[in-house]
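Given below, in the form of structure tokens, are the structures.
One chain, chain A, appears in both complexes that follow, with chain B as partner in the first and chain C in the second.
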Partner chain A sequence: MIALDRASLRYGPILGLSPTTFELPDGGGITGLLGPNGAGKSSLLQLLSGLLPPSGGAVRIFGEAPFRNPAVLARLGLVPEGDRLPTGLRAGRWLRMMGQLSGLSGAALDQAVAQSLATVGMTDRAHLPFVRMSKGMRQRIRLAQALMHGPELLILDEPFNGLDPEARLTLMALLRGLAEGGVRILVSSHILGEIAQLTDRILLLFRGRLLAEGTVTEIRQLLDRHPVELRLTGEAQVLARWAVEQPELAALRMEEGAVVLSVRSPREFFPRLQRAAAEGGIPLRALDPLDLNLDAVFQYLTKDHA
Partner chain B sequence: MPIYAPSLPPAPDLRHGQPPAVVLMRFDLTRLWRQKIGRFFGFAFLAMLLWKIARIYVDHLLNTNQAFKPMQDFARTILTQGAAFQADLLNPASYLLWFLVALVGGGLVARDTLYRVRPLMYAHPVAPRDYLLAKLGFASVLPFAILLPFALLPWLMSLLLAGLSGPVWVTAPLRLLPAMAVSSVLMGSLAVGASSMASTPRAGIGWVLGLVLGAGTLASMIHHLTGFRAIDALNPVLLAEAWPQLLVGVDHPLVAWVPALVGTAAHIGLWTFVAAKRTQPSEAVL
Partner chain C sequence: MSAAPSPLATIRATALGYAPRVLQGRGWVLAVCAIGPVALVLGGHLVARLQGVDSSAGEAVQIFHEMIRMMLPIMALVAAPAGIREDLEQRTLPLLLVRPAPAWALPLGKGLPWFLWGALWLMVGTLGLGLLGGDPAQLPGRLGAQVGAWWGELALLTLAGLLFKRGTLWGALYFFIWEPLVRIFPPFLQRLTFTHYIESLAGSRSTSVQTSQLLAQEQVTTHPLLAFLVLVAFGALCWALAGWKLQRTPVGLAGSEAEG
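Let's turn to the complex of A and B:
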């Protein structure tokens, strides 16, 4: 569905996005575009949504270049960052206009407006002017305009900014529902927790470069320089005695009722640990991976490339 | 608020819509019509139009009724029927019209900049050319539509009341309509160009008024300092007023033919270029 081949973006002398290559497959699913402010997330989204042409390389969406290409843009929905909408307007009129710009008219337009409002749960509030809507409501309307023409690819730039926790959870549920319905969703955020709640598959950008692509576990396993930290809860002395005999052990720290291990090559270590626990060789009550999460992956990757 | 999103409906048929430029232009027109400013100016221009028509009717009465003979002689001196009278059909609305164009046109592009609407539009099958065409079209159609009854209704009334000998020439619309078209495009392009340089609608209004009045003041200063009359072509207000005079053949128009042609082309070209540059996708980044 999305294919970038050494695509880069320059703003005059400034490199917004270094040559980047990745592919996202067809079909529904959520991919998180992660990176701190200034990492190049918005630059990448502008390339993908056809707002700017790449300065170098190629961008292909549905097999075609998206820049000024109506055939691609008609199959794509964009929710840009921010919640500002013309204050005097009413949501219904605004949606109708955006639907018409996508090529809808007559009964098809009416149906699309009603359906998209129902999808975002705003049917009974469409008559309100934007000025009387909360941030969450305006964000839903922006999402509705992106959904109206039935896009196969939905691009959201920092959609959770400024939303309260309840609205955030509601929007996440909505996005999960859409992904299950077959829409490929690309969500950018600089807040790890949001992406972690939404999806396991990420694209990690840092200083205009794509650092990693894949699931958190896949990426973590590739970070050989940083041994995986595990907390084994049980009889600490016995667990420690067993652990020091393992060739993958890099470091060991004793805690009360637990032992924290730093392990290289976790793919080889985990099966051995499982076997030992199953055979009763070690008194293991609980196993907590301490840095197999998105937060740790992000920290390691950005620290290595800083 | 409930969420109903287990699945999406089938993709709708997108092939039957109207051209994006038409959609955007109609949206702006409907929007203006719903606003108080639209109603206010509608009323103001209607009042002016009625006054003009009333003048023609009174003129007719004075001409046809012998009881009014003394008044008729007097009226002939004040109700001129020559080229200047024809050109004047559009003139009294000029400043009010510029004011309307500034108020409405100043926010046309600036509002979209403020609310970041352009990235959304360009992420739909809308080309920058469509966007620019819609904004220029709206800003030009608006003054043209307002001036249209000023040119046509007095002409129609004059024709009905007095036939070929009425105060308004039978051929007046043939001269006034092209003049209106040129003036309207001049107003529209200036308003859109100025609006594209602003980041809020209020700033856009300021830009339009500043450009119109600033160019006028500059032209007037240079004219009076150097005696170089052609420099008046820098003044968009004079240009808009000069076109009806030029096309109906007034003896001493505000701006002569060549300066008017050069000045109008320069204004339209410059402001359209500015608007085109400022509404490119690179200016509409996320």
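Let's turn to the complex of A and C:
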């Protein structure tokens, strides 16, 4: 569905995105695009949505270059960052226009407007002018315009900015529902927790470079020089005796009723731990990965490339 | 998945979608610009008549034409920034550009409601002037001059808004510095002004040139029909160039251009 081959983007002398290569398969699902402000997330999304052509390399969406390409644009929806909407217009009329610009007409257009408004919970407020809408309402209308033509690829740039917690949860549930319905969703954020709640498949960008791609676990496993921290709860002395015999052990700390291990190569360590626990070789009651989360991955990777 | 809309469908959808904008503050300013000179001339004429001063209808019409020639650029300066330039500045243009509709049709689609609204008031004003009397045979020329010039000037400023960051400023400089020079321009440069075509359609200024205007050049005229066609064609060319510029220029989320 999405293929980048050494695609880069320059803004005059400034490099917005270094040559980047990755692919996303067909079918539904959510992919998080993660990185701090200025990492190149918006640059990448602008390449993917066909707003900007690459300065080098190639971008292919549905097998074609997206820049000003109606065949591609008819199949994707974009929710840009912010809550900007045209001044002086009302949601219902504006959505009709956006539907018409997507090639909808007649009954199909009426249905698309009604359905997209219902999907974002704005049916009763479609008559309001944009200026009288709250930030959350405007964000929903922007989502509605991206959904109304039934896109196969939905791109959202920082969609949770400015939303209250309830609106965030609603939007997350909506995105999950769309993904289950077969829509491929690419959502960018600089807030790790947001992406972690939505998906564990991420693209990690930092200073215009794609640092890593995959699930949080996969990416974490790439970082052998940053040991994984695990808390093993049970008989601490016995657990510690077993742990020191393991070649992956990097450090060990005793706690009350538990032992905290730092281990390298978790893919080799975990099966051995599981086997030992299953065979009764170690009195293990609970296992808690302490840093196998998005925050830790992000910290490690960005620290390495800073 | 829906099919991409045709250019005509795109122009129609954009024009209808943005049509309510002309009924808001800026639209009424535009209407006042068009109708104001008529109201002033009619009012002045009426007051003069009431005071027993001899005020001919011909003089009033002449005053109207001097005023409207100045008001037309002001109208364009008011309306053009509310066209496609507004979306560029408000960063809402990406929402339009990610649609499968042809991007080159968007400037005309968004400018059309402003053109029609302005043209409506210009026609109302010109017809209202008929209350003074005057030669009805000159009415088509006056209507053609105003609507044609309005079409061309709005298109020119829309194009300038897409070509230059300070397009409105460049447009203002053109209208208020270049155009008045028509009085001292040689014939070939006179043809590079709107004033030349407006006067070719709505009436010559040659009778009003005084002996004190020593620098004034001989005025050339263009056949009225040709003058009207030139204004329409120039406007169409500017809309086309504005569309071409938008079609080929990458416009990102920040409204800035990237090196493609």
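Just so it is clear, the second predicted complex is superposed on the first by the 303 of 306 C-alpha atoms of A that agree within 3 Å, B and C clash if a C-alpha of one lies under 4 Å from a C-alpha of the other, contacts with A are read in each partner's own complex, and residues count from 1 in each chain.
Keep in mind that, in the parts below, a residue touches a chain if its C-beta (ideal position, glycine included) is under 8 Å from a C-beta of that chain, and two chains touch if they have at least 3 such contacts.
The structure displayed is predicted, hence computed values, not measured ones.
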| item | value |
| --- | --- |
| Three-chain arrangement built on chain A, chain B and chain C clash or fit | clash |
| Contacts of A:T170 with chain B and chain C, given as first, second, both or neither | first |
| Partner chain(s) touched by A:L15 [first = chain B, second = chain C, both, neither] | neither |
| Partner chain(s) touched by A:P86 [first = chain B, second = chain C, both, neither] | both |
| Partner chain in contact with A:G106 - chain B first, chain C second, else both or neither | first |
| Partner chain(s) touched by A:S55 [first = chain B, second = chain C, both, neither] | second |
| Contacts of A:L178 with chain B and chain C, given as first, second, both or neither | first |
| First, second, both or neither for A:M98, with chain B first and chain C second | both |
| On chain A, positions contacted by chain B and by chain C | 42, 45-46, 49-52, 68, 70, 73-74, 76-78, 80-82, 84-86, 88-89, 97-98, 100-105, 108, 145, 149-150, 152, 157 |
| Touch list for chain A against partner chain C, complex | 9-12, 16, 42, 45-46, 49-55, 67-68, 70-71, 73-78, 80-82, 84-90, 93-94, 96-98, 100-105, 108, 142, 145, 149-150, 152, 157 |
| For the chain B and chain A complex, residues of the former touching the latter | 1-18, 20, 23-24, 27, 31, 35, 111, 114-117, 119-127, 281-282, 284-286 |
| Sites on chain A touched by chain B in the complex | 42, 45-46, 49-52, 68, 70, 73-74, 76-78, 80-82, 84-86, 88-89, 97-98, 100-106, 108-109, 111-112, 115, 118-122, 145, 147-150, 152, 157, 170, 173-174, 177-178, 180-183 |
| Contact footprint of chain A on chain C as seen in their complex | 1-5, 9-10, 12-14, 16-18, 20-21, 24, 86-87, 90-92, 94-103, 247, 250-254, 256, 258-260 |
